[in-house]
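What follows is a set of structures for review.
Next, two complexes with subunit A in common: one pairs it with subunit B, the other with subunit C.
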Partner chain A sequence: MSNTFKSDPIEFKPTAALPAPKSTVGPIAWVRENLFPSISNTLITLFIVFILISLIPGVIDWMFISANWSGTNQEACVSDGACWVFVKAWSQQFFYGSYPTDQLWRVNLSLILLFAVIILSFTLPASFRLRVSIPLFLVLPFVCIAILDGRLVGLDFVNTDLWGGFSLNVLMAAAAIIVAFPFSFLWALGRRSNMPLARSISVIFIEFFRGVPVLALFFMGSVMLPLFFAEGTQVDKLVRVWIVLIFFMSGYMAEVFRGGFQAIPSGQYEAADSVGLSYWQKTLLIILPQVIKVSMPNILATFVMLFKNTVFLLIIGIPEVLQLLLTALSNSNWLGGHAVEGYVFVGVIFWVCCFSMSLLSNKIERDLDTDKRD
Partner chain B sequence: MTNVEQQQTADDIIIIKDLNKWYGDFHVLKDINLNVKKSERIVICGPSGSGKSTMIRCINRLEEFQRGSLIVDGVEMVEDVKNIEAIRREVGMVFQHFNLFPHLTILENLTLGQIWVQKKPKAEAEAVAMKYLERVKIPDQAKKYPGQLSGGQQQRVAIARSLCMAPKVMLFDEPTSALDPEMIKEVLDVMVELADEEGMTMLCVTHEMGFAKKVADRVIFMDAGEIVEENTPHEFFDNPQVDRTQKFLEQILDH
Partner chain C sequence: MKMIKKISLVTIGMAGAALSMTANAGTLDDVKARGALSCGVSTGLAGFSQKDEKGAWSGLDVDVCRAVAAAVLGDASKVQYKPLTAKERFTALQSGEIDVLSRNTTWTHTRDTSLGLNFAGVVYYDGTGFMVSKKLGVKSATELDGANACIQAGTSTELAISDYFREKKISYKAVTFDTSDQTRAGFESGRCDFLTSDQSQLYALRIGLADPAGAVVLPEVISKEPLGPVVRQGDDQWFNIVKWSVNAMIEGEEQGVTAANVDDKLANGKPGNKRLLGGEGELGKNLGLNPDWAFQVIKQVGNYSESFERNVGQGSPLKISRGLNALWKDGGILYSPAMR
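Coming up: the complex of A and B.
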């Protein structure tokens, strides 16, 4: 196209650009390239389309069209779709456990604080982001415990037996990963250390907590941990579980950090040494911030894993969301077989949370890619 | 082997005696002897792998050595952390790949050591930092991050970062060899100025012969872990004494 811009604007007649050849761009080309590139792929595509067509209408009908939405008890579920009334009736239990109804704002406040700190840690200006968000994160679990427990801050005491539901899954996972953070950093440092003792202790610790299934750890936590506490001290069940999760998590995160350490060029250590920084100044001011930055996507992935693993707490009788679902399913007023609704519901809320975290980590990865600084 | 007299005098700020270093079985530094006077400018050259980096990195203990002694400004380099810290306070280093801290702004790169090592108040540290950023002619980049600067600018920042710590000795390890040709001059200019105006003691590993002729008091030629020849730049380039030096000079001057 050779449209030269002439001095008289009236004579300027741009020819319409030719459309891109159909075969390389556009939805049709995309479909052809990705779904029907060869005979075998075409067969697979057709097979999947067939399955979807035969399943989706039924699922949609069950979940939405014929579903029962209104009512408060089992008798309200008359049509043969899903009985969402069941989930609705139990929703407070599922989210908050047996936490007193008039005190629920305290759970909400804890969750809001958690999200506020997370959002702050991604939106604060880079120059003091870590300096502000790390201390905030580190005090957060203890602030939340104080709010939920109530005694320290002059609120009504709520026994940990009453804490529960999905909010407990979220807060438990968050409190565990936050406290695990500094520990895992130390384990990773130990594993890299030149001191044989520090190194072997770190290796044994990390490999133990990565190697033993989390279920076994929970049992050990509830049975064995009390043996380590002084005779006669009653240690709260949730605290014991918290400790187990912290250990479990710090084993995994130590390996995440180790990968992060390996990504830091040796020139960074040498520059820090030649400026005269001490070992801890070098580690905390130069190395840690860069390790956190490169490890962020993996930290989030590890968190997703821990978060999902919190449902195993039901095995030792902690009223987390799945445990409450089982209670609800065996309730004599709700014996109509609502298991599918319940599991779909729990699956969806976990999926929403985990999917948002993976979106977040994709965003972080993209940011890391664009501002590559050497 | 040497034309310049090696006498230990009170002005010697660096005294290296019979320094030997091995990497496993590999004898990388062999009986290195070198005295450097205050304000002396030394250029070190030699083929790749001859141990130039290793030698100057011993001076601020980025590398340890197994035998011999090394004294910097009256402090002997021994295992003691106190001595190592004392020596690192006196010695600044500029690296081939700049090694700026990527997560900190230029200004923070320059103030970090002053604040944490020298315990200066932040405002004072920033004033010093700005002074040196002006010396290297990039005060307007103070708020940027290293990744946003060109290689030449980053290397000038790295020089300023070292100068902020008020070192008595500056070590340069091939400061221009990772730079595009058009940026080499801006870095060398800064180094020439540093030599002329500050009277800084400088040890510089470089193959920039123009720079060597202009500022060096002595040129040292290393090969296979030994100091093979040392001389004034004039004598060194025009009248090399040793075969290996001649061969090396032919190679680098051919291009």
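Coming up: the complex of A and C.
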């Protein structure tokens, strides 16, 4: 068997590709393709450019060039631009409310704890990440309240009337979200349950808190609830509102979780049943981790929504940041009409926070996206 | 349906029971035990209850809280301020969350009789007024025929001016805005010829104009808005304390007792001064307070004139003139019953 076929190997040598036509690369081509591809798009581009050119210089001039930066009172605002002195003078109020100045470290400490726990929940080794970060999250609101209130941990007592500002918005939203999390999970389970009583209670609860506008809920918390408490059982206004926020949030999140439960293939349940896991073992060990993964984008969207909803607290007089802005605007030493500066400031800090949250949620989604990678 | 009715009856009954229970509580003892007065104020109203950059409260309404705290606790700073919106103010009082409501609240028949509350006097006589541009050359509201009016939507002002102009058979066109800032901007841009609101607010709005001197507040006041502190019904001792704390400030002005000369008046003043300040008589004892209750009020808060000028009058940016709020002997209607 030696008649092997022999010949010189032929190597495949591709011809070098020609450069793309000049008309399809480079900045000019990009501009033509993206900004002026057709007559209608050209018109739209020109219109937008015109609007930007006519608006931006004025805005920049007002915000930066002819703005007033230094000083401590309204008289310092002499030029035509924005009076940032107003925001500067009131910045402590806007961030911390009337919390005593020498005790501000307690507010800062609470915020640092919040961010530390959030960062830990990403950076801890995966083997025990959940086991550590979940208990940390659950005790966090109560630790923060103890620090801010002071009585339990032996610090000076600070009445909740003095809490306020943007730190209150952040802590209120965080405390409501964290406590609502386990509740909403239970409501979602209840809604999927076969037990008629558990199911109907869950459905009524969820639909009530999803169906009633959050403003109406706040009014109920601030105006109606106190009438039902017996004398001597004063429940703090902030606590009432916190409870309302928790209920509201858990109603919404329950529906998010329900969507997550429905996305889990029934094979997962059957597999868990076939190895003899109990109901809670199955739910907590097999189903819940997958539900959280699937629902993560919606959970974070709900977080952002609740965080922004905290400014609605102004209509019941809670001194959150927007309420304090209105209070500042009505001070007789600052009656010069600084509303625009104030709203721009509040808008910017909310935008920064919400935008970083959505960046964070993108990262979480990418990290969790383990099974659909092509 | 029947079930719902039953439930609602039960809840109303519960609310009523809760109300009557709070009404009988001894507010004075509660305040003393707490060591601080819980006072409902506005979330922000120039000159009446306002917060400064440091978080300190001031204003005419706030001074009522401070006066009551000075009379009861001997320290005007021992006040917990509860900023309240207009909607929740009465509930906060009814539920016992606050001891006094001092939040530019108009004393009306309905509120006094149907809410389980008592008005403990008047600290500011307000009323709906008009602000016009100086260029218009108008001297009185009756010359405003056919003019456009800037009004803030949903306030009692709307009703007051519609009544007034109908009665005078003058036509006007209402341009309504949502907030006071927008109302002011509308007036400034010339959308309307005059702006109407409570007089005390007109002065605050005028400061915010680009050219405050270019606008004048007309002398007409077309509705009665007596503003005063409110307490729960059923605790007469507390009602008396709040009422007479306010009266002590008014009486202090009438007798010429000021924060500066109060020590001297107590030692060397006329018998009336000494009776007011606790050097003689039993005014304090009858209220269940220390003999120096009014002394503390005037020493720490000042008399009515001092408080008025500091917060809304010539000593403040608002520069409101006393008008109706002058003493009875100076042409106003402010009058304290006899201190004896």
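Criterion: the second predicted complex is superposed on the first by the 329 of 374 C-alpha atoms of A that agree within 3 Å, B and C clash if a C-alpha of one lies under 4 Å from a C-alpha of the other, contacts with A are read in each partner's own complex, and residues count from 1 in each chain.
Note that in this section contacts are C-beta pairs under 8 Å (C-beta built on N, C-alpha and C of every residue); 3 or more make two chains touch, one makes a residue touch a chain.
Bear in mind that the values here come from a model prediction, so they are computed numbers and not experimental data.
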{"item": "Subunit A as common anchor, with subunit B and subunit C clashing or fitting", "value": "fit"}
{"item": "Included angle at subunit A between vectors to subunit C and subunit B, based on C-alpha centres and rounded to the nearest 10 degrees", "value": "140"}
{"item": "Contacts of A:222 with subunit B and subunit C, given as first, second, both or neither", "value": "second"}
{"item": "First, second, both or neither for A:286, with subunit B first and subunit C second", "value": "first"}
{"item": "Which superposed partner A:127 touches (first subunit B, second subunit C, both, neither)", "value": "first"}
{"item": "Partner chain(s) touched by A:336 [first = subunit B, second = subunit C, both, neither]", "value": "second"}
{"item": "Superposed model, subunit A: greater residue contact from subunit B or subunit C", "value": "C"}
{"item": "Subunit B and subunit C, minimum CA distance [Å, superposed model]", "value": "39"}
{"item": "Subunit A contact footprint on subunit B (complex, rising order)", "value": "60-62, 85, 88-89, 91-93, 95, 97, 99-103, 105, 108, 112-113, 116-117, 145-148, 158, 161-162, 165"}
{"item": "Touch list for subunit A against partner subunit B, complex", "value": "126-127, 265, 267-268, 270-278, 281, 285-286, 289-290, 293, 371-374"}
{"item": "In the complex, subunit A residues that touch subunit C", "value": "89-90, 92-93, 97-98, 101, 159, 161-162, 219, 222-224, 226-231, 234, 237, 315-317, 319, 323-324, 326-333, 335-337, 339"}
{"item": "Residues of subunit C touching subunit A in the complex", "value": "11, 14-15, 18-19, 21-22, 25, 43-47, 50-55, 80-85, 87-88, 91-92, 94-97, 181, 184, 204, 207-208, 312, 316-318"}
